[in-house]
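A, B, C and D label the chains in the order they appear, each numbered from 1.
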Amino acid sequence: MKTRYSPRSYIELWSWLFAALTLFVLLAGAVLLLKDSVLVWKHEGTEILTGKEWFYRSETFGAAAMIYGTLIVAVLALLIAAPLGIGAAICTVEYLPARWRMVIKTMIEMLAGIPSVVYGLLGILILRNWIYQLFEDFEILSGDTLLTAGILLGVMILPTVMTLADDALSGVARAQRIAARGLGLNATDTIFSVSLPQALPGLIAALLLALGRAMGETIAVFLVIGRQDNQWPGELFSLRPLVESGQTLSSKLGGAEINIAYGQPLHWSAMVGLSFLLLLLVVGLTLLGLWIREHSKHTSYDK
Amino acid sequence: MKRTTVFLNIFLNVFLSSLLVLLLHSCGDAPSQQGQVLKINGSTTVNLAVAEAAEVMRQQTGKTIHVDTQGGSSGGISMLGEGLVHLGMSSKPLTQKDREAFPQCDFHQIHIGDDAVALIVSKDIWQAGVRSITKREMQAIYEGRIKNWQKLGGPDQRIAFFNKEPGRGTWEVFAKWLYGSIDAVPQVSFPEVGGNEETRNKVASTRGALSQLSSSWADSKTVFPLSIENDAGEIIRASAENIASYRYPMSRPLYLLSDGEPQGDVKEFVSFMFSDKGQNLVRKHGYLALADLSK
Amino acid sequence: MSQPLFQIRDLEILQTTGDKKSLLAPLNLEIQKQEVFGVIGPSGAGKSSFLKCLNRLIDLSAGLSVRGDIKFEGQSIYQGSIDADTLRVQIGMLFQQPVIFPKSILANVLFAVKHLALAPKSEWHDIAQRALTQAALWDEVKDRLSQPAQQLSVGQQQRLCLARTLATGCEVLLMDEPTSALDPNSTEAIEQLILELKQTHSIVIVTHNINQAQRVCDRLGFIGLRDGMGTLLAQGTLRELMTQRENVAEIDAYLRTTESIRLDT
Amino acid sequence: MTNREKSHTKNPSKSDSKSRRKRRLIHELMRLFTGFCVLLSCCLLLGIVSFIVIRGLGALSVDFLTGVMAEVGASGGILYQLLGTLLLLLTAAVVVIPLALGCALVQSVFLTREAHRRNITLVLYLLNGVPSIVFGIVGMIVFVQWFGWGKSWLAGGILLGLMILPTVCVTLIERIQAVPKKYIEAARGLGLSRAQTIRSVILPQSIGGLFTGLLLGLARAAGETAPIMFTATIFSGATLPSGVKESPVLSLPYHIFILAQDSYDPATKAKLWGSALVLIFLVFLLSLLALPARLRIHEEANHL
């Protein structure tokens, strides 16, 4: 790439400089995380992924329960946000007049602007009590559950899903819709036969990107999940753990333990290791989402 | 067209000059040497009185005093140990282990008042008649051997135990009372709570709830402090007298921590905490002032 | 003659946004069955919008509303309780650019049949073959029906669109400048098809090309711009239109800009 | 021929109308469902906002906005929290603008190979996905430990700037790509160099995208707690910083976060909701400021 290329102007030099700086900062960040967590990789090996116990006082650092919590909460959030967000996007793109679309889109994006700490407040004050009353019959211990966190997160990522789904759907050429309508299909037939199949890769990518968002969310989850360590479910496919407290990677990182860890090399590197795992999970999902989108571009019809 | 060029130039200038400022400042001396900023960090319990004292000091002297509560008591200890702050706040006595973790730091404990850790329950448990608890019972709950209030003469209700986050002074005082030393505490996992208001809120809104909380926050309206029944069968309330006389087993001193003898701004602040005004702030937030203790 | 195919009464297209002006002045027209009716005129006069009124595809254009009425085989399509989607099955449409769905050739032909459940699955193959044959495409694609339709040339794609429309069994075809995106050979093929389909279908075609109009149309309507509105200024055979040339300045101006034609061929 | 051809539509007219009824029903159900989705989403927004307004409006006053916090949040105002948040946002903007301009120009103008462009986009997407707490941890390692800044407003501003870089950059790239090719070709045809073309054609046409993206990004940054809680903000005592090292600020999100966990006095609660209301108002203001530009882009896209 560097061959025979010499920047020809001040503005060009400047652009390259800042683009390079961005890349450098990113790489440096990732490398730093890795470097600072070397101790724990050496100490635990793969145990950090598979170990179900995290007891920092006996230097046992297994993140499996937190990874489980992270995934469950994110999937719950998606189960709520996906139908709602895609449904709303279908309505605004396919059924409502264009001028309405911008109004609703803007409103929903404002939902995205509500700070997560405010969501957390609402979670503590309203949602956890609702959950507590709703599931009273299951003798749940408190309103701090994976489900509470999942629902709260679902509302929080709803705008992300909706905005990206909106983009995916409105990316389907209008001519395609008109052609289908011209053949006598009604608006809904058109959605199922033209819009959705063509927007599918975009929709899947949207969901994966939203899933990544959900996994990274800290403050709101922190306040309603209960922060109970080592909640590895007895049965992997039982629903019971959903109404019990748990811990996610991000709620662990947002908690007090990071301050205890500060100054104690192994414990600190374990905490940094957790953030590296979190980063890895989210980056993996993002890459998968983008790959699906890119990959299907070649098979789908352009223009 | 021209506008954009102008914009870009202005922008570049602003950016470059801010870079310059940044560099200059990073080279400058740390404020700790200049003694301009007094930084305090630590226990959320101690924070209430200290933060308000800092407000008064700021107005009186015009000094800059930063107060933060990151990581609770152990956050205060470790940040003082690392030299990141000038005063730590701690709601538990320092242990040998704490001192060993930061050998470079000459910890001084400055006793500014007293408080106690109460074991609080939700309204339903209180109204069902559970008023006291023994150490043995609490151990059984902590180790998961007792899971229902029936065993404690309460209703048939699961015990929803919220454990204070490790690192909080409250938790360490509790752990020391229960097991003698923190190292002897068994490894358990319960739902955790952090701040005092979070604890109070969650206990108040959960049936069968039990948690540790600074006694000054136990308002007996939303959450209720249990008395402790000692081995002799005496039932000891977390009352002011019992805390002052250390009869209540989880009484705890509240400390400011300094590195070496307090000097300069640190000394000034500590003196303020010892003054009537400072001690009144300790009282205002529900703690026992030093004068109350010597009674 | 029996009942006209389309009986258009005071049809008017209005903008609902902005200055709310009228795009198409009130228009009265009758289009007969089994004829090829051409709509000609300068671009921007609202020919396409007019065409879209005939199968109510205009409903999908934001910011436009329609006043007046059209009777299709004696039945009002704007005032009655007619289902616009059902109407569009009966009145097929071909667009300027061929719009191919990103599916196989077969799936494209059977698109409406499948999604509208017009025929049981057992008949699908016959329908596809018949439609493709009618569109003169069968021989070219019969060996690669399951291949992506995007691989076809633009001319073939337009014929595929025609086949797709014919597969619904529609009786009326609306064509919006169907050859303007095509090369001369493909254009000729489409024109040939129009002449054949005339036997079985009624066709309304919007065209830019007066020569094409002469080749395929039985009657013509001229929509010109007058006072900033599209207005039906004349109708009849091409010869009748030419005789109006002296009376109607817009027709004269239009014909001057198009290539000269020889009427006697 | 006509009859034969029509047979498959006309003949089984009964089953035809049955399928039509079924499709009609699905259509109505679908409209109902998606309409419900929109309604629910909007209700959620209105519900959340009105809840906060109802609780927080009482605390709102000029004194609240211009006063200094007193009695550990139970009285006084949030002046320095507000100023701190604004300072963080300003810093983030200053940090992100050159980076975004650089990345966007490189991506859409200077890079000629499609594969390279895709790589930049990929990096932006990845950056967009990085959890905000990870920014906090990395910031703690870099700025607090390594640079020895302690808590500093600059660290917070840089982290927030990096966090919103993808939003700003992608919006800008979209605008640059929307500049009609013919303008660029005309400019080059007039003999302008590439740099001159950028300055005289591309940037004037697309600079709006930078501001739109910036406003949207800042709206997100304003509410973030996780990246700044370890690196830039403290609970009380800071005013406006006079340096970089050991110069924390107060901020609204952190203020709310701490008070939500530790508010002794009931009077603090009202102030807490007041702070939340101010924060939301700030965020909405930023998104609304970006709205006209976005609407215009939308209209243009529709007319093309």
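Assume a residue touches a chain if its C-beta (ideal position, glycine included) is under 8 Å from a C-beta of that chain, and two chains touch if they have at least 3 such contacts.
The model shown is predicted, which means the values in this text are computed figures rather than measured ones.
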| item | value |
| --- | --- |
| Number of steps on the shortest touching-chain route linking chain A and chain C | 1 |
| Each chain counted as touching chain A and chain D at once | B, C |
| Identity of the chain that, by mean CA position, is farthest from chain D | C |
| Pair joined by the larger number of C-beta contacts - A-B, C-D | A-B |
| Length of the line joining the C-alpha centres of chain A and chain B, rounded to whole Å | 33 |
| Chain C-chain D separation of Cα centroids, rounded to whole Å | 47 |
| Whole-Å gap between the CA centroids of chain B and chain C | 80 |
| Chain centre separation (chain B, chain D; CA means) in Å | 36 |
| Residues within chain C bordering two or more other chains | 86, 89, 116, 168 |
| Chain A: positions in contact with at least two other chains | 11, 14, 98, 124, 186, 189, 223, 258 |
| Touching two or more other chains - residue numbers and ranges from chain D | 23, 98, 199, 229-230, 260-261 |
| Complete list of chain pairs which touch one another | A-B, A-C, A-D, B-D, C-D |
| For the chain D and chain B complex, residues of the former touching the latter | 69-72, 94, 97-98, 147-151, 154, 199-200, 203-204, 207, 229-230, 234-239, 243-248, 258-264 |
| Chain A-facing residues of chain C, complex | 55, 57, 60, 62, 85-90, 92-93, 95, 97, 99-102, 111-112, 115-116, 150, 161, 164-165, 168 |
| Residues of chain C defined as touching chain D within the complex | 83, 86, 89, 113, 116-120, 123, 127, 130, 168-169, 171, 199-200 |
| Contact set on chain A toward chain B in their complex | 11, 14, 53, 55-58, 124, 128-129, 132, 139, 141-144, 223, 226-231, 245, 255-260, 262-264 |
| Chain A residues within the chain C interface of the complex | 97-99, 173, 175-186, 189, 192-194, 198, 299-301 |
